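Two complexes are shown next, each including subunit A; its partner changes from subunit B in the first to subunit C in the second.
Right after this comes the complex of A and B.
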């Protein structure tokens, strides 16, 4: 035990566990990232890109950590060597979360390209890069169709976004798909069913299966999270 | 294909999540604090206990740098109690999730506050008022598994945390020698529990049989059990919805009409009253 430890043990400030609401910002970022990832993986439609600069912050941090790993690889002291393993393991875990989140979003955008780019409200859910990707993807795809078969059709039938006959060509995700949520607060949920509609009085911690269209409001308010 | 996985977390992803749970370790070697992306790790000084995420604890365990203190709920007595509750006391429902953890406050001795609670501003507040205020607006201030300390040594016995199966599996596989009882005993109790709960999971779907209901509550279910049955349950719910789509549309139209009739005609017959209530 060195002098620092002794000083630390005499520290008059409360240890972190005794000030309950004070979650360190790093942990909150991890929780936010995890929650975004789980939500994106579980919902039928694309969710909003976090507007609070969460991903910019996380990307910066990951970049800095990679630089640190490169620095540390230089000195091969066996003691820092283990710390390096730990740092790299954690780094890979964060990178997995970010990568899986982004891939999941791109997957959803790919699936319903026109749906997301033709509607202003939905377009704002995408990050600028995702929007540019979606537009470019749609352009390439449409040009490819035009070159291969669509070009021989009459001009009036060359669009991919016809709504003639009250049937839209634009495919959209099924918003009534079942999702699993956990209530973070006691809440009353208005649910729609096949035979009956009803209001579910849910307790905190309940895991509920319901339609995404019913759960959406709760999740957006932060009263529930997807699991 | 950008992501070749179905909607909803898969089992592998669930165990990845479970590795974020905090567990208590007893270090066998000194290890300085490491500056990780998720915050600094505590300084490890044997024999002082410390709380680490499961993935790091397993890494230390594999290198024989630390022992893991199994959570109290994994003790055979606690598991037996849970099995008793699941089979005898309430053979229908899953046993309840752990109560939300509370902590005593440093600033006000004798006051406890829920670790997870939306902060209620009062004159009794901590020294850290400003930070709390900013957190209050943030939905991320509500912790949920895997960020709740439900698998540390102090967490209550007799309750299964959300990630119970994954945690138990990881601990039995890699830290079997740290168990409070022979690993085989814990394992067989866990197997009983898995079976009891799997049967409940299956019978919960019979509640869905006439899935006219709009929801299904599975309070106390575990993450892995959910992941295993997710495709089945979601497929069932969606299937019933699609089959009943036209019936539902007709019902809605009728209700809408009844409501309109009630509004204009002014004679609120019983049917429309009921509909209004919903």
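Right after this comes the complex of A and C.
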């Protein structure tokens, strides 16, 4: 392996990035992962789990790299040793991105368990593994409440999803908290303020801060991305 | 008293107001004023103003007469408030303060008592209760109902705060034995309710210990789906592949690929988290 190859594979902006067809699939996956990671970390609610097999590919890649590292560790030739360090560093970075992304999602799910479990549309945003985790976690919590105090209540009060007095017991994320977005194309932005609502004409490349509830549509249509 | 329309309702309301802490702008207090409006629509136009006209006079006079004795009485919701205060305090502590067994029991008891009150209040009506003719009773029922819900929410909030803390500990790789050991340092936390000396050795309730174990299992299961990633690893972006460490505690023999103290970060994160090693530089 040549050092130029290694450097080229590490360069986040390869010269060919202007024409998407020339970007190697690994780089595209890395970009997708980074984008998912940034978006997930900056929004108040859980975003959809990428269903295009991104994480299956990433997992395979990480597995292959780990095997490669193990293979290369065997021979102590100083030349391969340097390549090994580069590959391991890169591997650690991939692992960090995936870990941080998954932890961020689990954090959001844990915070509003019932909210995500009890709504069909929201449930599909979780991966099957996450959904199983969330269900089990809610079950554990409910059992814990039952054993600690709920079990001694009158039966009518043992639920965790009361909506008496127009106050739902199910906590949900604050969709009105602020996010930063970058516009990917010119767009009209409708924003809801505290006193006045307004419409803003945004140009491509503009960075705007606004409520997530207003930004959501733009991001979902692909007119903007989170930064 | 019967000469003034709505006086019993008003009196009831005042009791509620005091009990629920309407003086401090509590949300349930607001709910009660709305209920008040809906109970007395034919006496006064209440839209907008909270209390108006002679009801206001009645309200004030009752307030004057009863305020001193009421403030001394133990009131519904007080215990719940205490629980919430405990929960709030727990949020800012690094350790988990002792579980308030007595307080939890007392709040749960209050709910059961209120439920019995409701049942006995409704008994004479044999299921034919009409809130518009029995305003006073309707109001009492409403108060009891709201007090029960409020206590329930206080209990939930208290327990959820503690389970959140426990989950955080599980994520950080804490052991149940570590938790049992930390109680010795806890009792200097200022205003406590004298529950520390009740013979419990752990700051966790037995139920919480179960929960801690079960959540540990759940997390292990979830982590098992992502074996290559190590989900409990560092959430700091990695800078160096290798780090220098100082050994703080004997940890037995540890095999690393690259010699003794210059180690790969991913390999020793566990040991750093458990306090065997300290990261240098």
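Heads up, the rule we're going with is that the second predicted complex is superposed on the first by the 206 of 227 C-alpha atoms of A that agree within 3 Å, B and C clash if a C-alpha of one lies under 4 Å from a C-alpha of the other, contacts with A are read in each partner's own complex, and residues count from 1 in each chain.
Assume a contact is a pair of C-beta atoms (placed from the backbone, for glycine too) under 8 Å apart; a residue touches a chain by one contact, two chains touch by 3 or more.
These numbers were taken from a predicted model, which means no experiment stands behind them.
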When the two structures are overlaid on chain A, which partner does A:93 contact: first (subunit B), second (subunit C), both, or neither? both
Going by the contact rule set out at the top, does A:63 touch subunit B (first), subunit C (second), both, or neither? second
Per the contact definition in the header, classify A:144: touching subunit B only (first), subunit C only (second), both, or neither. second
Comparing subunit B against subunit C, which has contacts with more of the residues in subunit A? B
Looking at A:110, would you say it contacts subunit B, subunit C, both, or neither? Reply first, second, both or neither. both
Pick one for A:72: touches subunit B only (first), subunit C only (second), both, or neither. neither
Of the two partner chains, subunit B (first) and subunit C (second), which one does A:193 touch, if any: first, second, both, or neither? first
With the two structures laid over each other on chain A, which partner does A:85 touch: subunit B (first), subunit C (second), both, or neither? both
Check whether A:136 is in contact with subunit B, with subunit C, with both or with neither, and answer first, second, both or neither. second
Taking the contacts subunit A makes with subunit B in one complex and with subunit C in the other, which residues are shared? 62, 85, 89, 93, 96, 100, 103, 106, 110
Residue ranges of subunit A in contact with subunit B within the complex: 1, 5, 8, 14-15, 17-24, 26-32, 34-35, 38, 41-44, 61-62, 65, 82-83, 85-87, 89-91, 93-94, 96, 100, 103-104, 106-107, 110, 174, 176-180, 182, 184-185, 189, 191-200, 202-211, 214, 221-222, 225, 227
Going by the contact rule at the top, pick out the subunit C residues touching subunit A in the complex. 31, 104, 107-108, 111-112, 115, 145-146, 148-149, 152-153, 155-156, 159-160, 163, 167, 205, 207-208, 210-211, 214-215, 218, 221-222, 225-226, 228-231, 233-235, 237-238, 241, 257, 264-266
Residues of subunit B that touch subunit A when the two form their complex: 1-3, 5, 7-9, 13, 16-17, 19-20, 31-32, 34-39, 41, 43, 45, 55-56, 59, 63, 65, 97, 100, 102-107, 113-115, 117-119, 126, 128, 131-132, 135, 138-144, 146-147, 210-221, 223, 226, 230, 233-234, 237-238, 240-241, 244-245, 247-248, 251, 278
Write out the stretch or stretches of subunit A touching subunit C in their complex. 59, 62-63, 66, 73, 85, 88-89, 92-93, 95-96, 98-100, 102-103, 106, 110, 129, 133, 136-137, 140-141, 144-145, 147-150, 152-154, 157, 160, 162, 164-165, 169
